[in-house]
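In the two complexes that follow, subunit A is the common piece, with subunit B as its partner first and subunit C second.
Coming up: the complex of A and B.
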């Protein structure tokens, strides 16, 4: 079975579960984790730990969509999944307290995905909070890593067409970048 | 805001018109005489953006309602839907007005993203020839991706963008690398230049040939199969 893992990361409330529901062909599976970290998050109830959806491309090929929790206490899951991932849709809600700081934190953690072109930033709720503008996200990315350009789109995570555009862009960028690097390697050998 | 003939723009009413009057200032538009009014409009908009001066701009394509551009807010206001955007108006009247950087908005709504309008104008102007401010043979690279979720684009635009987002390419190199129509390539480059998301890469080495998976065929790769699954 060939599988292609796509991660959906971002802070709480950014729309990860919704984005996966917009793309998945199956009912999205949501797993829960008991809150064992009451010092950091004083919440007695369970927390959604992982969302899972999929797209079937054939009898032996699937796209697996994983929504990974935004809290750092779950970063062991990030570690497990990021090595298997083709790429990641990083969802950032524009009305969060410091969306550009969150952007930088996620880029730092997922630097290896980032270096192979495997990240697209999808900004949600920009109709509610008009700033920062998309250009500010791009500028923050450019300041963070000048040699890389990451697509930044405004999205409504409920909009299937927009989420498909986002996912297509992600895969297209990964494939194109890999082809360019491959061609450069051949040229230099 | 008035045009060179003294006709006041305050006679225009509706949500898309400025909410209050202003002193008259006009700028004579350069003329390319190509038969497509967007050529002049594109040249004027590019020049104004190069000046980096806060301005309001009114564009009035022949036979269409005027388009009001609020450059400081990167927004435009137009009564019509983008589906009604005229591709080749015989002329476009251009009126500009300098405003203070911190001047309050004249418009009753936030308007639409200016990128949508610049993309449409850039695609329509110059009949697929290089914009006058671009030099033949120079290589370009994106400084940021366009917001494809709001632009009227094709998959070919996305493919071309992925190439020019990852390597500096001239128009002809991009057409070859992406196996795209050279006219479509040039239209996109013109549009990206107008959007301000393109930089010239002086003296970049020639880019090696690219053997990317053929994303147009169902068997060409993961992406091609995904698009096929979605009927795209």
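Coming up: the complex of A and C.
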């Protein structure tokens, strides 16, 4: 059975825990605490260590889903979990004060995950904030990291089918790139 | 909106007093902090802010709770990290969304350190019941 570890990253309130709950076939391991910082993001709880879920794709492909805390002060968890992952779903909530800045910051921090596997961007809460449009995300990615090819989706993190499509796209990207790297290695040997 | 505990002057003051009492009771105490469940420092001993340690203690507490839930063994009462040069003990403040995390030198027995930390947590709990 093929196994992948996929990270769900993004700012606080982007929908990482919700996305993992939408996807997971097992009861999600959650580490939520009461949110003392309601001024920054007005939600009752926040993830302080990780979320963990699992999903099987196809007949024999198991994917371990790790959600990381959105707040930078928990970046030691980002480091711990980043090392295990081969790909990342980057969730950005369109109604955050500066979603394109958040996008660039997360892409910078997790750039090596792109080198190792792949990244997809999933934009949430587009029904609440209509802009930036998806094309602006794509343009921002192209301008900031021109060597990265990163698909961008608009999703509702509560919607299992939308999250499955996002995840499957990422897994296909990861596997395609792994196959290309493998073929190049063989050719060079 | 309720004032967060790490910005509540009375909670900060009583927390600091409790940590000072902990230091008096246990001379091997190297470091202690009282944090919110989500990792903001309310009071810290040794004068400086240890924000990173507060965040890590919060993650550790939440992971301990998750393991206890997974294994269906009730709630996690305390967490111990026993190392060559010190013991970290952390436990919840009863009835409050707060955690006490303390580092003791190895000259203290784990039992004594745990017992003192527990007494301290209980005192903080009693004092804070009347505040918020």
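Here, the second predicted complex is superposed on the first by the 154 of 189 C-alpha atoms of A that agree within 3 Å, B and C clash if a C-alpha of one lies under 4 Å from a C-alpha of the other, contacts with A are read in each partner's own complex, and residues count from 1 in each chain.
By definition in this document, a contact is a pair of C-beta atoms (placed from the backbone, for glycine too) under 8 Å apart; a residue touches a chain by one contact, two chains touch by 3 or more.
Computed from a predicted model, the values in this text were never measured in an experiment.
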A:29 contacts which: subunit B (first), subunit C (second), both, neither? second
For A:180, using the defined touch cut-off, is the partner it touches subunit B, subunit C, both, or neither? Pick first, second, both or neither. first
With both complexes overlaid on chain A, does A:77 touch subunit B (first), subunit C (second), both or neither? second
Residues of subunit A touched by subunit B versus by subunit C: which partner has the larger set? B
Applying the touch criterion given at the start, work out whether A:49 contacts subunit B, subunit C, both or neither, answering first, second, both or neither. second
Quick one: is A:17 in contact with subunit B, with subunit C, with both, or with neither? Answer first, second, both or neither. neither
Once the shared chain is lined up, is A:63 touching subunit B (first), subunit C (second), both, or neither of them? first
Subunit A positions within both the subunit B interface and the subunit C interface are none
Quick check: in the complex, which residue numbers of subunit B touch subunit A? 74, 110, 142-145, 147-150, 155, 158-159, 162-163, 165-167, 207-213, 215, 221-223, 225-227, 229-230, 232
Can you tell me which positions in subunit C touch subunit A when the two form their complex? 1, 4-6, 36-40, 51-52, 55-56, 58-60, 62-63, 65-66, 70, 97
If we count contacts the way the header does, which residues on subunit A are in touch with subunit C in the complex? 29-38, 46, 48-50, 69, 73-74, 76-77
For the complex, give me every residue of subunit A touching subunit B. 4, 55-58, 61, 63, 86, 117, 130, 133-135, 138, 142, 149-155, 159, 162, 164-169, 171-173, 175-177, 179-180, 182-184, 186-187
